[in-house]
Each structure stands twice: as C-alpha cells, then as structure tokens.
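Have a look at these structures, which come just after this line.
Okay, so subunit A shows up in both of these, paired with subunit B first and subunit C after.
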Partner chain A sequence: MLFRSLLIQGAWNYGTMLGPGFAFTLLPVLRRVHAEDPAALASSIERHAEHFNAHPYLASVALGAVARMESDGADNETVRRFKTALRGPLGGLGDTLVWATWLPLVAVGALVLYWFGVPGWVATLTFVVVYNVGHLGLRAWGLRLGLEAGRDVGTRLTEADLGGWARRLQHLLVLGLGVLSGTILGAPDGLGSFGPVVAGLAVVGFVAGLVGGHRAWRPAAAVMVVVIALIGAWGILS
Partner chain B sequence: MELFRLSMLGGLLGLDGTAVGQFMISRPLVAGWLAGWLAGVPELGATIGAILELYLLVSFPTGGARFPEGSTAAVVAVAVATPFGGPGAVALAVAMGLVWGQVGGWSVTVQRRVNGRLVQRLLEMGSSSGGLIRLHLVTILIDFLRGAVITSVGIGVGRFALGLVEAGWPLSKEFSVGALYMGAAVSLGILLHDLGGFRRRRVLFAAGLALGIVGARFL
Partner chain C sequence: MPVVLYRVDERLIHGQVVVGWGHELRPDRYIVVDDAIAESEWEQELYALGAPQGEVGFVSVADARDRLDAWATEAARTVLLTRDIASMRSLLDGRSAGVAVNLGGVHAGSDRTHALEYLYLTERDRMDLRELERQGAVVTARNLPDAQQVPLDTILAP
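Moving on to the complex of A and B:
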C-alpha cells in the first residue's frame, strides 16, 4: 500500500479529486476482503473511487485506517462518514506542515548552501535527500498510525500534534529566510554589488511581497518578464 | 537527440509534480540541475534552477489550485540558455521559463479535466479492479506525454525567441543575473507574509539576515 500510495494522485481530477487514487491504493485490501464476492468488490471500488480529498502524503493515515475498518468488516455507511470526517483535517494539516513549512524550509536550506558556494549538485542532492526523509517518513508513519488505530485515528492524530511541529519548524524557516536574503544581498557578486539602486529596487520588491502576499506574485513575475523583453527589444533597436 | 532527452526529462518531471510520487525532483532547483547535467552544463543548470526556485518558492502543488509548473519552467529555461553564450542568455532564458511555467500550469488544468472524463467513464461502465488499474496507467501516460510535449514546444519557441533578441542584449551578464534577484525578492517577501509577516517575525528574520550577510562576506 505504501508503494501504491505514491500514485494516489495518478488520476487526480476536479470531480472526485483523490477518490480514484484512494480506491487504487486500497485495491489489495479490497481484493482480499471481497475475494469470494466479485460484485461486492466492484461495489466497494466504486464507493472508494467517489470524491475524497486530503494532502497526498497524509492520505496514508486515512488509507491505513480504512484498510483496518474494511478488514474488520465495518459497514459501508460508517466507512463513508469516517472518510468525510477525516478529509478536512488531513488536507489542512498536510498543507500547513508539508507545503507551507517543510518544502520551503528544505528548499531555503538548499538555496543557502548554493549561494554559500557549495557545488550545485551537492545543494540539489541535499534538498532531494533531506526532503524525502521527511516525505517518505510521513507517509510510512501515517499508514502505520492508521492501521494501528483504525477508527480511533483522530485521537492519535491530535496527540501527534502535527500543527505544533509545523509552528516550531516555521521559526526555523523564518531564520532560514533571513539567512537566504542576507546571503543574496551580501555575497561578493550578490545584489549589494550592483549599487544602491538595484538593491533598493529589490527591497521595494520584497516589501511588495510582504504587503501584498500571493496577489503580488503574478504581477511581479509579469513585470520582470516585460522588463527583460523591453531591454532585449531596446538592444535590438539600438 | 538532446531535444528528445530534455523532452523526456520534462515528461518525467511533470509526473513528479502531481501524479507520481511527489518526491519534489520537479522543483526548479532539482529540475534545473538535471536539465543542465543532460545538456552538459550542470553549473548553468544549477544557477538557473536556483534563480527559478527563488521565484517559485511560494508555489506549491496544493489541491485544485493552478500553479506554475516549476519543472517545465526550469527544463525549458536551461535548454534555451545552453546554446547561447551571450551576457543576456540567462536572464532571457529565466524569463522564458517563467512564461512557459504558466503554460505548463495551464496544461495541468486541461489534463485534470481529461482525467475527470476518464474517471466518469470508468464509473459509468461499472468499476472493476482491472478498469481502475488501466485508468491509472492511461492518466499517467497522458500526463507524461503532456509534460514532454509542453517542454519540447517550449524549447523550440524559446530558442527561436532568444535567437532574435540575445545578440543585441545591452547589459552585462552579472548585472542581468543581479536584475533577476529584484523579481525574486518579491517571492521572499510573500513567504515572510505567509509566515506571519515582518512584525511578528522581525527578530528571527533580522537575526537570519545578519547571519547571512556576515556569512556571505566572510565564509
């Protein structure tokens, strides 16, 4: 199931979202439970392929718990309600812990290494290894937690305090973000070496992002592309 | 041959973005280095990947959100920069990568709609374990082809566009790359915004900033 869970988003779509992937990952368990009854197997595949959403890594918690419930013979309606109750927390926790904290933390760390002069392949390899220790560890932990706790997985999830872990790691991320900004600014060939105008414009960009949040990204990227295109066009004309 | 290899890489990394594994080898930092290694310029790949990673530091594959595809952006940017040695090559290639990352993001949206139709068909035909496995194989294959095609078209368009503009680029290489950091600074600001803003985080951020400046100067 752990290996199959790597493909849980293989058929991701706007209608049923993770549903088909959930059924696909659970398939070995469903085949075992309904080995004698093909009609029941088809019906259970259809039920599990219905709409479900969660963070792809933490979906393993739901997968483990549902596998345990199916093996224990829980009725369909209980399993359906259980999945509905779990999908919100698993989505929110996973987004906060993985996308908003772990991924940028490891990426910022690797970028600091790169701008400190470490060879590109070392920074890249460090990113891939460190990130995936957390990634695969979280998937395996979640699956085991679900299989052990079954329908009581909610309590065990609360005890694990993933939100608290995210908050603690975010302190480290803020520090890393400061180090990265300082490195880019202070490196011998960094922003500081282009004089006060360029450094000042970068500070303006930073403040725009700080104030505007995600709304600032597309306009900033668009302005950058247009400026580069205009410089290129000016170069051709002159 | 090089175009074929880079397109295959675009297809494989496109899979990592959502459908298979999410090991994050599709992040620009990794994709840039891999593309550079395939094209015989690993350090150029790492530089472009690192700059694009700064830009896309706040772009994650969350749920149904539409996001710029970092792997497409990085592979296209590295492939576009490689044949041009002029001072503007990196800046122009990164700009091209940013544009093509958006095209990649749009193609992911289309792919997800196609997946929806295929899933609907599976459910209408009556679900079976064989049907479910075939569905996954087909959607993953389509996603791979999507990534490969978008990457190869991006490389073609980008090299053509860069061929027109690059020779007349008026700025030095160092200044061109430096200018890219101005745009990247916006992403760093957005990340701090997401983490609670400057007021809440000023002590830690300032400590890190001082460490970074001192470290970059003296290490």
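Moving on to the complex of A and C:
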C-alpha cells in the first residue's frame, strides 16, 4: 500500500481529485475483503474512486484507517462519512506541515549550505534526500497510524499534534531564513564589508517577527527593508 | 453582527475556511450546523481537527435556530457552517432578511450539475437558494475572501 500510495495523484482531476488514486492504493485490501464476491468488489472500487481530496502525503492516514475499517467489515455509510470528515483536516494539516513548512525549511537549509560554500550539486542532493526522508517517513507513519486506529484515528491525530510540529519547524525555518539573509548579504559578492552588521540585523529582524508574531512581523519586516535599502544606497553612493 | 459568516461548504472546517476566511474575519468560534454530525462524536472529533485554535461547536439545525439570536448579540464572533444548502435553508427559513449567505463549495455528485468550478447543485438546491433570496437573504458564491463574488443570478444562469 505504501508503494501504491506514491501514485495517489496519478489520476488527479478537478472532478474526483484523489479519488481514483485512493481506490488504486486500496485495491489489494478490497480484493482480499471481497475475494468471494466480484460484484461487491466492483462496487466498492467504484465507491472509493469517488471524489476525495486531502494532502497527498497525509492521505495515507485515511488510506490506513479505511483499510482497517474495510477489513473489520464497517458499513459503507460509515466509511463514506469517515472519509468526508477526515479529508478536510488532513488537507489543512498537510498543507501547513509540508507545503508551508517542511518544503521551504529543507530548501532554505540547502541554500544555506550552498552559500556556505558547499558545491551546488551536493546542496541539491542534500535537499532531495532530506526532503524525501521526511516525505516517505510521513507517508509510512500515517499509514501505520491509520491501520492501528481505524475509525478512531481522530484521537491519535490530536495526540500526535502535527500542528505543534509545524509551529516548531516554522521556528527553525525563520531562524534559517535569518541565517540565509545574513549569509547572502555578508558574502563577498553580496554586500561585502557590511556583512556582520547586516547579518546581525537580519537575524534580529526575523527573531522579532518570530517572537512578536503577526503584530510585530510587519513592522519588523518594514524596518529591515528600510535598513537594507539605506545600506544599499550608502554602498552605491560611496 | 457577531455571526460574521454564514457559509455552505461540504468540507466544513478546513483550510479555506480556517486560513482564508479566518485571517479575514478573525472569528472566535466555528459552529457546524448539521443534524447527523451533532449526534456523532467520532465525526466531531475528526472535524474539530481542522481548527486547532479556537472554539468549535456542533449543533442540530433546530438547536441552532434557538440560539441564532444569542449568537447575534454575543461579543464572540461566530462562523456558522453547513455542509449542504438544505441545512442552510432550514436554519434561515423565515429569518433570512438581510443575511448574507456565502456558498463556498459543494462538489460533484451523481444528482448534481455544474454551476461553478467549486459548486455543483441539485434542482432542490436551486429552489432552496431562490427561496432564501425571495425571503431577503443575499446569496453569493465566493470560495475565498479575495476571490470574485458571484451573484445568485449568475450561479443559476443555465
């Protein structure tokens, strides 16, 4: 199922979204559950190919839980309501955790490596490997959680506190952005001799944004832009 | 007007609502109005996952009708969500005057036909929407706050 789940977006479309991929991933389970009854198998495949949407990685939580429910003989209506209820939270958590946190975090990490003088191909390779360790790890973890908990996966997801993990990783991301800006500005072909000062300012700016949250974020960003613009202007004039 | 949004959205509490509308409207709580979910604890647990911050409530249509006036006068800013048009119609029946109803997403189904990219409607849905409008509600479709607001006449145009 884990390998099949890699293809969950293979038949993505606006109408049914992840539906066909969901049915495809679940196929081995459905074949086993309905081994004696081809008609029931056909209708269950059709049901699971209907509209479903979630984050492609975290969909594995739903896949695992539905596999468990189908194996335990849950009725169709319960499975349908389960999928309907779970897709929104999985989509939201996945977007926050992966697209808005993990992907930019690893990208920024790779850029920092590059600006610290690591060869480009090593930085790129590091990005691909680290990103996918997290990606595949998340899929495997989700599948297992779903298989273990079945219909009651909600409690386990609340306990897992993915939102909390996203926040912690976002703190790292902000720190990484600070380091990256500082490194770029301080590099010899960046803004040269102002390096340490600018790097410090950048870090202060980002940390202020981090600590103050949304209220401090915009002023801090504005101050940073003004300071960098002034320094840039000074550099051009002198 | 502390009910800051009346929205029909099949996905109920999810990204577009919590992030998109949440940032715009800063609600203190999300109330899901749905007869089936109001009686199903495991479903409530799943839907509540969508709003890690802020209060979430699940009530039946009848209970919601009893509490509409209280929500309207409380200081807390409330977002009311139903997952289908029929529930919104029952919720607002006879008290639609001046209410802005937001259609946010009902996706394809066997008896539904295309109205907008994120909105598929049954004949019954179309009649319910007309009726809400006749009673004085302002019905528009808009999936996100910065998306274009589509008036009901455009939605129902053949």
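Here, the second predicted complex is superposed on the first by the 190 of 238 C-alpha atoms of A that agree within 3 Å, B and C clash if a C-alpha of one lies under 4 Å from a C-alpha of the other, contacts with A are read in each partner's own complex, and residues count from 1 in each chain.
In the analysis below, a residue touches a chain if its C-beta (ideal position, glycine included) is under 8 Å from a C-beta of that chain, and two chains touch if they have at least 3 such contacts.
Since the model is a prediction, treat every value here as computed from it, not as a measurement.
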item: Which of subunit B and subunit C A:Gly163 touches, first, second, both or neither; value: second
item: Touching partner for A:Phe127 - first (subunit B), second (subunit C), both, neither; value: first
item: First, second, both or neither for A:Gly91, with subunit B first and subunit C second; value: both
item: Touched partner set for A:Gly178, first subunit B, second subunit C, both or neither; value: first
item: First (subunit B), second (subunit C), both or neither touched by A:Ala74; value: neither
item: Which superposed partner A:Thr16 touches (first subunit B, second subunit C, both, neither); value: both
item: Set intersection of subunit A contacts, subunit C complex versus subunit B complex; value: 14-16, 91, 95
item: Residues of subunit A touching subunit C in the complex; value: 14-16, 51, 81-82, 84-89, 91-93, 95, 151-155, 157-158, 163
item: Residue numbers on subunit C that touch subunit A, as the complex places them; value: 10-15, 18-19, 36-37, 40, 42-43, 45-50, 52, 107-109, 117
item: Parts of subunit B lying in touch with subunit A, wherever the complex brings them together; value: 18-25, 27, 29-30, 33-34, 36-37, 42-43, 45-47, 49-50, 53-55, 57-64, 88, 91-92, 94-95, 98-99, 112-113, 115-116, 118-120, 122-123, 126-129, 132-133, 135-136, 139-140, 164-171, 174-175, 178-198, 201, 204-217, 219
item: Contact set on subunit A toward subunit B in their complex; value: 6-7, 9-17, 19-21, 23-24, 27, 30-31, 41-42, 45-46, 49, 53, 56-57, 91, 95, 99-100, 103-104, 107-108, 110-112, 114-117, 119-121, 123-124, 127-128, 131-132, 135, 170-171, 173-191, 193-194, 198, 201-203, 205-214, 216-217, 220-221, 223-225, 227-229, 231-238
